[in-house]
Amino acid sequence: MLSIHNLIVDSSRDKLVRGISLELQAGGWLALAGESGSGKSLTAASIGGLLSKELKQSGIISWQGTDLADLSPSRKRQFLGKEISYIFQDYQGAFTPFMTIGKQLDEQLLTHTALNRTQRRVLSIEALVNVSLSGERVYGSYPSELSGGQLQRAAIASALILNPALMIADEPTTALDSLTAHKVLTYISKARARRDMSVLWITHDLRHVRRYADHVAIMLKGEIVEQGAVDQVLNAPAHSYTQQLIAAIPPLSPHVPRRLGLPEGVHET
Amino acid sequence: MRSTAALKQQSGKRRIKYTTLLLFVLVIMVIIMTPEITPQDANKLIIGNRLLGPSSEHLLGTDHLGRDLLSRMIAGVRTTVGTSLLILSISMVIGVTLGLLTGFLGGLYDRMFKRIVDAFMTLPDYIFAIVLSGLLGPGFLNLLFAVIAVKWVGYARLVRSTVLQEKEKDYIKLAELAGVPALRIVKKHLLPRVMGNVFVLAALDLGKIILIIASLSYLGLGPQPPTAEWGSMLNEGRVYFNTAPHLMLAPGIAIMITVLIANICGDRLRDKLDVRMKKGA
Amino acid sequence: MLRSIVRKLLELLLFILLLSFISFCLLKLLPGDPVRSILRVDDVAVSNVQIEAMRTELGLNESLIVQYGIWLRQMLQLNLGDSYITSRPVITEFIEKLPYTLMLTLGSLLVMLIIAIPFGTLSAIYANRWIDKLSRLFSLLGSAMPSFWLGLLLIQLFAVKLQILPPMGEGSILHLIIPSLTLGIAMSAVYVRMIRASLIESAGQDFVASARARGIHPIRLFIFHTFRHSLVPLVTILSESIGSLLGGTVVIEVLFAYPGLGQWVVNAITARDYPVIQGYTLLMSCFVISINMAVEVSYRWINPQIARRGKLKS
């Protein structure tokens, strides 16, 4: 389905992503985890060719047999927002502030479909309702009139509106409170089950990984140090960095002994 | 690790910096020593010599009254650039003093002052300068007065707002609590804070003032003949463009280069101050 | 919303009153005698009796406050007095000259936009490439060049060397070209860099990246998202500089013997035609302030959030 082979992202100073390879099956949910600066967001951006001009990417990004990295910009655009869609961390930047949400959904449909005005409107409102937003109202709202959670849900509506085969979610919940974050992940999860969509999920939080993802890859300094099925990687981490990451997860239940992560010199009694 | 390209750019920037600095010193020296370095009397009329082209005796030729153009150009540095610098310094002194005082004292004075400053800011300053210098009548001092009347406001406003910002900061409040005399707070703490911004504004203003003076003189509102001033020289020379183009080209190019230097200095100073402020933050 | 406009208008009124009083006093205190210049004392022999009669006729023998009161009452009726020189109402002359200056201003704005928008856009898209470096050079030189000098050079080029355009005066749209070019080029020097900076700032916004990730066509993206976002600071700066643009027309009008407000006021200054000078200063200030207010209202169109938020609050 999606397979990345030997992806390198280069700035003029040094290599930020150092030749990584990834596989994502149809309907699979792959979490790409690691600390900030590890190159996971760059990996996500390079799939759609969304890197800034100063960065050079090389390597093969094969999507259902076509190499996305090799496509002309206009062919690549036909995928973006339709077959492959993105959600970003910063929901404030998901929509242009001086256009209504409806106008921007409409713009997306106009770009990718041949639907007429009424059909576009119906589809847009339906997409908003699917993420439990009051469709008509949000359709006519400016981004500043919505709360953070509402905005991120609208962003998901836009990402799902054309039934994409792949959703790339770049830390979609980092800026949200945990309850809203949970809701957002649930929507993605439901949509995935319904449409057999694949998800590439960029996160730094391993707590959520076990709950939603089926595969996980751990990135460190531009390289993938370990990848595999979630159970295998999280239960029996092979790499020392993965072990550290898992150890740093704060316990959710008081019954789990706090063996790791205690300051030095403090002993349990 | 720095790449060679970055280093090259750095040295290029440094070269520009030293060149502009050197030129600035040169201009100041010319202003101070004008009578000593003009090759000939800038105002000496020799009608037989009118509109001569460049020659070894008159490097830039002569004007319509037979005066040596090079000498007049050099004398013009003093009138045009010297006057601009004078205007700039006086506007700065007035603006900074009033800005510091009202900003620091606050209260009624400050509110009144803000109204006045706002009123000045809404007036198109260039129109105001023309009308004012026109009403006062042509002449050097009136020009000086008219441009200062327009220019001091910018400094006052800048200083006032900087002071209002600084006053809220802890170190000033602590100094006040510790019983440091107000004058000393202003002098030791506020003034140094304010001056960086003021100098940047001044450097960027210098070019504008030179252009205002030149255009007011061009309208005949500046120093009166036979004083050599680049703007009025341009006006005198325009009639002879076909026969003696150097009369119009020389002052125009001189104004352009001077303003260019001033603008580049201003940009550099601003960039430098920005960097310092960012580092400090 | 309505309240803020009313408050603004009141402030404006107060400001004009203050301004008129200051300008009135200043005019009276200044050197130069209007009576002497009306009667051309320097050229023609005039008796003292004639001068006195003229003074009384013009009301110049009353006290300052009385003179101001009379003047203010007339002003409220839009009567700004008559020109000492032509004896015609100032307001009539102003309205007569205004279209010329407006035409010149619009022409210059047009030239500026034609140069600055494509040039600024290209230097933003190709930042640090040759076109960007060229535009940097252009704006450095352009902002250092005295506009009247540029005007003289353009006259030489188009009217004397090429002989395709009339050098000065008025009469046809052709007469407008060189003056508009002069002011427009001088202005675009600043705006090219401003548009570049503003566009680069806008293009770095997250919402632009999001729209790009939705597959929006680059041209559509540029026009409806990036450029529109850059519009707000540009319009602000443009409206703030409308005063200096109108000031710039003064020199250019004199240079090109163009019969607009600028030349009118410079002539009035040389002739000490007080009512004209006063009328010009007042009307011009009002004009500039009204434009600034109009721009504030237009923000509501550029950025509808502001309007919406205002509505929600009230």
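As written, the chains take the letters A, B and C, and residue 1 is the first residue of each chain.
Note that in this section a residue touches a chain if its C-beta (ideal position, glycine included) is under 8 Å from a C-beta of that chain, and two chains touch if they have at least 3 such contacts.
Quick caveat, the model's predicted, so the values are computed rather than measured.
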Chain whose Cα mean lies nearest the overall Cα mean: C
Of all other chains, the one whose Cα centre sits farthest from subunit A: B
Inter-chain centre distance, subunit A versus subunit B - centres from mean C-alpha coordinates, in Å: 55
Between subunit C and subunit A, distance of the C-alpha-averaged centres to the nearest whole Å: 52
Length of the line joining the C-alpha centres of subunit B and subunit C, rounded to whole Å: 23
Residue ranges of subunit B in contact with subunit C within the complex: 119, 122-131, 134-137, 207, 211, 214-215, 218-219, 221, 231, 234, 238, 241-242, 248, 252, 255-257, 259-260, 263-264
Partner subunit B, residues of subunit C touching it in the complex: 15, 18-19, 26-27, 30-32, 140-141, 143-149, 152-153, 156, 160, 242-244, 246-248, 250-251, 254-255, 265-266, 269-270, 277, 280-281, 284-285, 288-289, 292
Residues of subunit A touching subunit C in the complex: 48, 50, 73, 77-82, 85-86, 88, 90, 92-99, 104, 107-108, 111-112, 142, 144-145, 155, 158
Subunit C - residues contacting subunit A, complex: 205-218, 220, 224-225, 228-229, 302-305, 308-309, 312
